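Below, chain A partners chain B and then partners chain C, in two separate complexes.
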Partner chain A sequence: MKSYLLPEFKIDREEERCIRCRVCERQCAFETQRYDGELERMFSDAEKCVGCQRCVIFCPANALSVSSNQFAYRLNYGWTRERISDLKKQAETGGIILAGCGNDKPYRIYFDHIVLNASQVTNPSIDPLREPMELRTFLGQKLDSLALELEPGSEFKDVEIKMELPPTVMIETPIVFSAMSYGAISYQAFKSLAIAASGYGTLFNTGEGGLPKDLRAKYWKNAIVQCASGRFGVDAEYFNCSTAVEIKIGQGAKPGIGGHLPAEKVSYSIAETRMIPEGSDAISPAPQHDIYSIEDLSTLIYALKEVTNYEKLVSVKIAAVHNSAAIASGMVRAGADIIALDGLRGGTGAAPKIVRDNVGIPIELAIASVDQRLREEGIRNRSSIIAAGGIRCSADVIKAIALGADAVYIGTAALVAMGCTLCQKCYTGRCSWGICTQDPYLAKRINPDIAARRLMNLLRGWSLEMKEMLGGMGINAIESLRGNRDHLRGVGLQEWELDVLGVKGAGE
Partner chain B sequence: MGVEGVFRGIMRRIYCKEEVCIGCRLCEVWCRIEHSKSKKVLKAFLYEKERAIQRVQVEERGAVSFALQCRHCEEPDCVYSCISGALYKGNEVVMHDTSRCVGCWSCVLACPYGVIAMDEVRGKAWKCDFCEGVGREEPICVEKCPNEALRLALVLEVEHAESE
Partner chain C sequence: MVKRESGLRKRRVSYEHEISACSIFGAMNTSGERFTGEGVIRAIANMHVRSNGLGGGFAIYGLYPEYKEYYALHIMVEGRNEESKKETDAFLNTNFDVVYDEEIPHAEQKQYSASIENPPLVWRYFAAPDKKGGDKIFSDDDYVVQKVMEINTKIKDAYVFSSGKNMGVFKGVGYPEDIAEYYLLDQLYKGYIWTAHGRFPTNTQGWWGGAHPFSMLDWTVVHNGEISSYGTNRRYLEMYGYHCTLQTDSEVMTYAVDLLMRRQQLPVSVVAKILAPPVWKSIEEKKDEKEKKLLRTLRMVYAPLLMNGPFTVIIAHHGVMIGLTDRIRLRPLTAGVKGEMLYLSSEEAAIRLASPQELDKVWTPDGGEPIIGQIE
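Here is the complex of A and B:
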């Protein structure tokens, strides 16, 4: 069928700068660039271009530029270029339109409508370069009360804790790498996250694809291992090679939708890690078929605690949806040590575009409503909240924590640090940056040494910025900011939005 | 077990980490630029009459690739085979004086790595000079490798005692 789709990008090659070195041709995973030996010049097929900018970055002569193709359908507010393209694509294929990355639609980003406070005159700000500033965060249950035994007359010298303390996990900065499985991303990218997490003293999340055997000895202390609906790579040893176990109920990019790692990506090593036959489809069902209620969830949580000898935290991850607050309350009561909330803008390797763009609620509102509900019920101390989905910078982290989160998950931001340009073609498995691919030729493009360095730089940079912001507010520990919404003010928000966020309007 | 023999020095060598060499061939591009007259990208490739020759070659099959340049052998067959004395062992590396090269290609035949390039136009052989010829501290291929596949390493060079 003749395709009626217009090319999305335009490739401009300055002919007098092109040295015909063919670097662009080799770097493009979509075969957009082509060398003609007879004419001794390069040609580009713009219709294949995904706009990932790999060729532009690698061109040693700066001869290339790739820009959005400003093709001219008649301007129409409702029938946008994207709507028309999707209609044509669907008319040609009759299928579900897939997409990678997170929701790119202009839903209100509440982080951008919240401003932070700073100390002036009546209270001193703190200079983080001269005074200690604490970003350390402890994840896990905090006790309602502590039973101490005191020797009579010993004047608090021999105080002993008379109860068993629940496990907690210390992280150096309240930023954790979110779940990205080996299979969804390349081994190299996966390993980079592990190296960076262990180097900086934070955690990475294995996603539901298991934890490769060769990474266990070195990185288990920094691993959150996931137990999702597909139960891939799951056994007692796997659960114990971790610092926390996460039950994945849902994902922000595709709430209510399962996953599918196509057979062609299931290489020998992925098959071994996931414990499935090589070259078979890895399908994660939409629900966990043993969890249809809070009671069922509790059963699984305690099964996992049992198998890990009550030494590991158990986290439950849900997509932020309409009833998150009530669901979260149930999760806490079911025994979850961590509640992970994944918002509307959370990323994915592949999801139906229609779901990615239309399902879920913004993470800012979810954090606020969950934190509020748990406080009202007096159970906020029983779980930590990790917020995910659309954390783009250190200010977002600060705002998320002030709204009530304990820490945040970053996925997209980490991938961007490694090279990702959000071209949204993750689902093709042809990532030119070597991240979302299992093709050995492409996966080599991530050198774990470099990528881990980039990730650690990102964590360091954000942490320094967070200290600056905290100092400005006159706070010297992230603990003091948690749920401290007095430090936030809304700008350009309506009454109901301020209500849900629990934030006053600016000037109030 | 120690290494037996006479210590001769610490030598710098270029190594390629095959598992992260992405076959982009930017090493080849930059080698050629660095060894050109102008050392400018566009001039070197498009305008210089005397085309500079790259001294590094990426070997590639499927997903496996690595950049290969002169290994600067301890016992260089190329030097032994050279009939005009153009190839000689310098301080650290095997050097080539192109003005003395007669283009007999003996070195090309002798090199076990196949890293000596034949320039049939000028009738001369070309090989990696560790960028000493262009006055660089660090070879350009190592500096420009985008994925840090090419690295400079220090190796101990030892003259082995004859075993009995």
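Here is the complex of A and C:
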């Protein structure tokens, strides 16, 4: 069938600069660039281009540029270029349109409508270069009070703690790498996250694809291992090679939807890690088939606590949806040590585009309503909240924490640090940047040591920025910002939005 | 979750959070001997420029030995509203056995400073709880706290200054030395702990209830500072049933102290480490593993009660007076000792003025290091 789709990108090559080195041809996983030996010229097939900019970056002669193809259907606010293209795609394939990364639609990004406070006159701002500024964070249940024993007349250091303390996990910055499974991303990218988390003193999340055996000894202390609906790679040893176990109920990019790792990606090593036959489809059902209600969740939480001897935290991750606050309250009562909330803009390796773009609620509103509900019920101390989905910069982290989160998950931001340009073609498995692929030729483009350095630089840069913002507010420990909405003001928001966020309008 | 009741959305909390700076002073006789307020008043007057005439007050312990078994309720009636006074009397007579009550003596007009305008009626009641029916399950203290909250929130124009035993709070809008003169403090009273406060709020609200000290049962707090963690602290305390209605940092501090010291029975040295914990670096440097674990655990469990931002506070209770600054000491505190007397002050000069003799010792405590005076 003749395709009626127009190319999305336009490739410009300055012929006099091009040295015919064929780097672009080798770098492009989509076979966009091609060398004609007879004409001794490079040619580009623009319709194959995904706009990932790999060739542009690697062209040694700076001869290439890739830009959005400014083709124009007649301007129409309803029938946009994207809608028309999607219709043509479906007419040609009869299938569900897939997409990678997160929701890219212009839903309101509340972070961009919230501003932070700073100290002036009545309260000194604090200079993080000269004063301690603390980002250390503890995840897990916090007791309501401590039972202590102190002999009369003895000193502070003789005080005895007279109770058993629940397990907690310490992280040096309230930023954790979000769940990205081995299978969805390459071994190299997966390992990069593990190295960076361990190097910086934070955590990475294995996603549902298991934890490769060779990474266990070195990185288990920094691993959150996932138990999702497919139950891939799950056994007692796996659960115990962790600092926390996460039950994945849902994902912000595709609430209510399962997953599918196609057979061709299931290599020997992935098959071994996931404990499935090589070359078979890895299908994650939409629900966990042993969790049809809240009491079932509690059963699984305690089964996981049993298998890990009550030494590991159990996290439950849900997509942020309409009733998140009530659901989260149930999760806390069911025994979850961490509530992970994944918002509307959370990323994915593959999701039906229609779901990615239309299901779920923005993370900012979910954090605010969940935190408020748990406080009203007096159970906020029992769980930590990790917020995910659309955390783009350190200011988003600060705002998420001030709204009530304990820490954030970053997925997309970490991938971008490793090279991702959000071309959204993750589902093709042809990532030219070596991140979202199982092709050894492409995957080796990620050098885990170098990529880990990029990731650690990102964590460092954000942490430094957060310290500056905290100091400006006259706060020298992140815990004094947690849920501290006094330091936030809304700009350009309606009354109901301010009510849900629990923040005042600017100038109020 | 935003609750909708009968179609109404629950509005976000839109409170005003007041900012103020201050002078604070405390004096304690650690043998429990009572003394007059002359030195204290002179000391707080010496720090006149640290306040701006919009609030001054005193807390005195050992005040009413003749009624020491009874709760001494100092209650203000704004605008000398007769209806409120009657309502308050009726409320107290229903819920307490009032053994004695009178207007708190004050100077006659023209004999006190002109800076004191429209003083409210301030009455004191000595009373024992008269618990009925379901209220019998409450301890006396919890019962009194509830009744105080009821008066504050339900009786128009009535507000409880203090509700402890053998102690009392005297406060108002004016410079602290003028307030002392108004209540005749130097002439009428003796106590073994005196704390004092001069206030410099950045708004012009003049309300007698908003002056310091803040009090809850026998606890009093005088406070100089602005707590940048206010939102975190307030929302944590709300989970334990404390509702901050006065919109001041000092109220949060008072409730935190009540929660930790009265309800959870934590010792002073531990509470100091909760409100102003050491930084992580110095915790990790501790050699003693047990102490390290204790400090870590306190920071972890009580993280929402870390008082961030600049503050100095003097907390008092029967038999104890505590001075504490924030952990990086952004507001001043000086301590002095002369024999049995312990002094705490924003400024050293005030201590030297209050003490009739040369001091044995004067020092500036480290940030977050509590100075604890206890009856020996």
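What we mean here is this: the second predicted complex is superposed on the first by the 499 of 508 C-alpha atoms of A that agree within 3 Å, B and C clash if a C-alpha of one lies under 4 Å from a C-alpha of the other, contacts with A are read in each partner's own complex, and residues count from 1 in each chain.
Going forward, a contact is a pair of C-beta atoms (placed from the backbone, for glycine too) under 8 Å apart; a residue touches a chain by one contact, two chains touch by 3 or more.
Note that this is a predicted model, so its numbers are computed, not measured.
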Residue contacts with chain A in the superposition, chain B compared against chain C: C
Just to be sure I read the superposition right, which of the two partners does A:286 touch: chain B = first, chain C = second, or both, or neither? neither
Does the superposition put A:445 against chain B (first), chain C (second), both, or neither? first
Of the two partner chains, chain B (first) and chain C (second), which one does A:23 touch, if any: first, second, both, or neither? first
If we overlay the two complexes on their shared chain A, which of chain B and chain C does A:275 touch? Say first, second, both or neither. neither
Please indicate which partner A:487 is in contact with in the superposed arrangement: first for chain B, second for chain C, both, or neither. second
Identify the partner contact of A:118: answer first if only chain B is touched, second if only chain C is, both if each is, neither if none is. neither
Touch check for A:91: first (chain B), second (chain C), both, or neither? neither
If you stack the two complexes on chain A, which partner ends up touching A:61: first (chain B), second (chain C), both, or neither? first
Which of the residues in chain C come into contact with chain A in the complex? 1-2, 9-14, 17, 19-21, 202, 226, 228-232, 235-236, 238-240, 264, 266-267, 269-270, 273, 279-281, 288, 290-291, 293-294, 297-304, 306, 308-310, 327-328, 330
Residue set of chain B touching chain A in the complex reads 17, 19-26, 28-30, 33, 41-42, 45-46, 62-63, 146-149
Which part of chain A faces chain C closely enough to touch in the complex? 119, 122-124, 126, 131-132, 134, 136, 138, 142-143, 145-146, 148, 150, 155-157, 159-161, 165, 168, 325-326, 369-370, 372-373, 375-376, 378, 380-381, 402, 473-477, 479-487, 496, 498-504, 508
Give the list of chain A residues in touch with chain B in this complex. 16-17, 19-23, 26-27, 58, 60-61, 434, 439-441, 444-445, 447, 449-450
